[in-house]
Amino acid sequence: MPRILMVLVVCSLLFAAGPVVGQTREAGPWWPHPIWGAEDQAGASNWITPEKVLAAIKLVETGRIYELGQIYERGMPLFGDRTYSMMIPGGPTYNEPFGANKLIGNDEFLCTEIGQVGTQFDGLTHIGARMKMADGSVRDVYYNGFTGDEVLGSHGMRQLGIEKIRPIITRGVLIDIAGYKKMDRLPNGYEVTVDDVRGALKRQGLDEESLRPGDALFFRYGWSTLWTEPDKYNDSPAGIGLEVAHWVVERRATMIGSDSWTSEVVPNPDPTLIFPVHQELLPKNGIFNIENLKLEELAADGVYEFLFVFTPVPFKGATGSPGRPLAIH
Amino acid sequence: MPRILMVLVVCSLLFAAGPVVGQTREAGPWWPHPIWGAEDQAGASNWITPEKVLAAIKLVETGRIYELGQIYERGMPLFGDRTYSMMIPGGPTYNEPFGANKLIGNDEFLCTEIGQVGTQFDGLTHIGARMKMADGSVRDVYYNGFTGDEVLGSHGMRQLGIEKIRPIITRGVLIDIAGYKKMDRLPNGYEVTVDDVRGALKRQGLDEESLRPGDALFFRYGWSTLWTEPDKYNDSPAGIGLEVAHWVVERRATMIGSDSWTSEVVPNPDPTLIFPVHQELLPKNGIFNIENLKLEELAADGVYEFLFVFTPVPFKGATGSPGRPLAIH
Amino acid sequence: MPRILMVLVVCSLLFAAGPVVGQTREAGPWWPHPIWGAEDQAGASNWITPEKVLAAIKLVETGRIYELGQIYERGMPLFGDRTYSMMIPGGPTYNEPFGANKLIGNDEFLCTEIGQVGTQFDGLTHIGARMKMADGSVRDVYYNGFTGDEVLGSHGMRQLGIEKIRPIITRGVLIDIAGYKKMDRLPNGYEVTVDDVRGALKRQGLDEESLRPGDALFFRYGWSTLWTEPDKYNDSPAGIGLEVAHWVVERRATMIGSDSWTSEVVPNPDPTLIFPVHQELLPKNGIFNIENLKLEELAADGVYEFLFVFTPVPFKGATGSPGRPLAIH
Amino acid sequence: MPRILMVLVVCSLLFAAGPVVGQTREAGPWWPHPIWGAEDQAGASNWITPEKVLAAIKLVETGRIYELGQIYERGMPLFGDRTYSMMIPGGPTYNEPFGANKLIGNDEFLCTEIGQVGTQFDGLTHIGARMKMADGSVRDVYYNGFTGDEVLGSHGMRQLGIEKIRPIITRGVLIDIAGYKKMDRLPNGYEVTVDDVRGALKRQGLDEESLRPGDALFFRYGWSTLWTEPDKYNDSPAGIGLEVAHWVVERRATMIGSDSWTSEVVPNPDPTLIFPVHQELLPKNGIFNIENLKLEELAADGVYEFLFVFTPVPFKGATGSPGRPLAIH
């Protein structure tokens, strides 16, 4: 490090009053977390204990793997004006064959909102709420009461980054709403109800009592059938609303997932609310959400319980993660 | 698509004689693949059948998860002049709190050689060889005889991309060379021998007969202890050479892995050879290689056999993949 | 540099037979350049001598500056699937106010095809031709006979990069085709003829005899009126064809420019030809081309001769350059 | 735009109380600007009127162009952990020769802090100050009193972007401090004094009375001789301090420039101050600063007055600009 940069760092320490993390926060409406405590940054991935892993492993019967994720590529549906650009640098990267063995090599360069494109697992800095605090100040607040001042960093989130989450090795349960409704795809803007969820579980021979803390709950809307038509795919998807979100919270799930880009109904039937399910699950309860799945094959085969595997890539300070979610039956 | 671009595409079809993939290739020294055939693009991940998955699952005893990967961050060791730059776009991405629920949101932007930084799983277009073909032409050749003309694409590899690989859910075996040698870390440039490997296995109560096709074999050199010192970490690591590479091929492993940036000894004792182990494994045998692991904890706990989980992220046309490799015991 | 990388570099020198630049090339249809010689990489910017600069400076009468370029921003028309993504890293980049003076700072991150987006100046590696050489081999050939093997580099062009071009400080001449045709905008796909060019010059009180080597010739088609409608803008623009391209070559211009994304008519009236004007000007004659200009104000004010200023940004090895072209009157 | 995004935008308008720009700001220590008014965003580039351009043009005697900028390339000195990564996508971008004319094409991809790498022109959002406002709130404040809330945007600065600056076509004056001091390069950390400046001008046959509003003043420290040694180059450079900064403000210059990475002495002799010259010039006075120049040739030729040309590239919302600064004599 050049001397001058050390000077900057030292001056920073001397003269700047940076945010102190782990400061004694006054309690707020959803913090400190009643089970995992004031310093927890792993959210509902904490349910995934060795016992939970063992129980999930026992669900494997045939060894068959179902791929639940989409392939990442240019032209896939993206939210807003996000970017997904991969380049292969020209010719073998190292330009010449190397050595008597004439080795050639390549790599690739990717520029993208890495945790928020394609099949994406939303982490705990993706969504928050702006609110008035006990001291009268207005702050951006995330899971466990971490504030924007503590969290936001130029080159990666300083708290609650995706690298803090436990890998997701747990029991997965498919809740096939489209199958229950006898539709290929739910209609645009349809809000899935708790009755729908119970009906779908019953049709599958399950009931809500069979769900356990730490489960991963997957809602099938039939939306992935629009994946190759980005304009239609991005348009107002069916999904769960706050009623089902509260039901999910009561189930103490580790995460939800779905085959739409948001998992929740958009627009919300209450037009004053924007992505309220995201807000209910992520900051308020530390429950994760994986979007843009493919669930058709599971539904076709009637595979409703399985070992679910998703390993968030620990890009330090990222708001989410890409990956390759699997159901193993 | 604007009309003009369609014109370009059509003209391209009319006037350009592009490479035909899957053309009847003349056989070469390592193709067509004797088991998986001329069109195979999955390499030794083909060993991972449902039966193999079931067998690997049975290795889980306690449900404890070991993290084998490093965290991705600025300042980690990188090869050559690769880039790893993450930015968090300023303020909540959507700038204003949305809705009566005052939702705020963030994402992140990452620019990097996505499959070739940090803990990295080398795919089948990462390494090849330039060679004289039967017809006298000189070509770049990859796994199963695919040529550079067929493979290379501006915006992603057109063949043999990482998305073609099966997820790695298999038996993992740690081969603790540093432990066998009673060293914290092997010396720079030390070539691990087959005798070392057999000795290490024996010390662990295993022998090479117990290895099975499709296993993932992990060599511990003690190199990850240098991870926070990039200059030392990148300097001439210990590792396997061609002798052990041939032994790996005979074991019909799906992949190897290690705690160095290359898995193989560098420089090779034969100074005319550059990364010959990579070349022996990837193009010639379709055997994968994951680098920059952490194996200290497994070794400390004496966990030598485990369920290994690694799910290459299907970035279409990438030469490799980041991820979060796990050993589950 | 870690020792291993030095080993690689040295091995490369020992074992690889890389392309030799400046090798004695056999003469070809457009090389060596008859005036500037076999090693020239500056093309028609060579016309811009001190004398030419002085003559151009003398055209300034009022000191008024006309902006001829567009602003670069998300949502502007882009060719094909190019990317233009700027991010402002979150909060002051350095996170905290520094020093007793509480300095804050920001920067920005941009990912883009830097020389080929928005107002863009095409350099000498942007376009070439694949052709059979005297020795029977098939090669990609650029200006002055440089071949793809010599030019292409993973991380920047190794020859003919934009940094080799002289800054463009020369006489600019507007040729207002739309004005001559009494149209706001030429029709889609209209090929401008030499008669049109002569008519436009005559209407402006100029003739082709008044044009001098090294001039920059700007064709106004009225196309920039579509700039905010990317689909229409990108669709088959009017422009010059090979007839006018040959006329430009005879004029010994340094460059052309226009208010469309290509300067040339698309599709070409001969449907077997793709961007033939680009090919005639850039590789064959070293004549540059700046696209996506705004020429409305010059035309409205009847400013037909002016000091033209464009300074290609010397991004080493780039195929073109963004910038801020000016007419000073 | 998908319907849902329109919903988001509309909701944003209904429910969010965004910052109002151009709001009646209470006056502060350096705003509203006494000459250019409360809404000005062009700063001291306002001095560049047609009359100023005409006067500068008259300085051209020989037509000789001096290049004052460095070439942008991997490995050049960068501040902190900034990135400069260019890639040439593999093979002709469009993969196949197009048309009967067998056209081939290339572009390049660049990822970088575009306005803050290499030869860089600092704009008005690059530097500000955190301060207590009249209403007691603490804000980040930039030129003309624009606040962080108004300025900062995720994908580009919303106010004071580099595209708001007039092109720099003005009189340039070299102030050769190293020449005056009879040194090849000033010592590390040396603060240039006003006496040095006056001495240097006198040695050149000039005096401060000859300087005019809108001039561009270039300080030569001899620092560019370290350009190829990034560690030395980045280390504590000589430069001007607050004394000379105040003198510059009194001269009513449009901008300064220098051959170091900061133009100002680092560390400042007052160790509590971080980059105070930047803060004095940019936010407080709207005076620009171009860094990382080469001034050796001008000094060697004794060219002290010249037409200076720099055209900030209008990347919307950028904090600065790369470019190719020229002295024309």
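Going by the order they are written in, the chains are A, B, C and D; count residues from 1 in each one.
Quick note on the criterion: a residue touches a chain if its C-beta (ideal position, glycine included) is under 8 Å from a C-beta of that chain, and two chains touch if they have at least 3 such contacts.
Just so it is clear, the structure is predicted and the values come from calculations on it, not from any experiment.
Annotation of chain C and chain D: jointly contacted by A, B, touch as defined at the top. In terms of the distance between Cα centroids, chain B is separated most widely from D.
In terms of their C-alpha centroids, the spacing between chain A and chain B amounts to 25 Å.
With centres defined as mean CA coordinates, chain D is found 41 Å away from chain A.
One finds 44 Å separating the Cα centroids of chain B and chain D. For chain B, residues that reach two or more other chains under the stated contact definition are 8, 11, 15, 74, 81, 83, 85, 87-92, 97-100, 106, 109, 111, 152-155, 272, 274.
Chain contacts here are complete: no pair of chains fails to touch. Taken together, the chain A residues at the contact with chain C in this complex read 8, 11-12, 15-18, 74-75, 81, 83, 85, 89-100, 111, 152-155. Those residues of chain B lying in contact with chain C across their complex are 2-5, 7-8, 11, 15, 80-81, 85, 87-91, 106, 109, 111, 155, 231, 234-237, 266-267, 271-272, 274.
Per the touch definition, chain B reaches chain A in the complex via residues 49-54, 57, 60, 62-65, 67, 69-74, 82-83, 85-88, 91-92, 97-116, 125-131, 140, 148, 152-157, 163, 166-167, 169, 272-276, 278-279, 307, 309-320, 322-326, 328.
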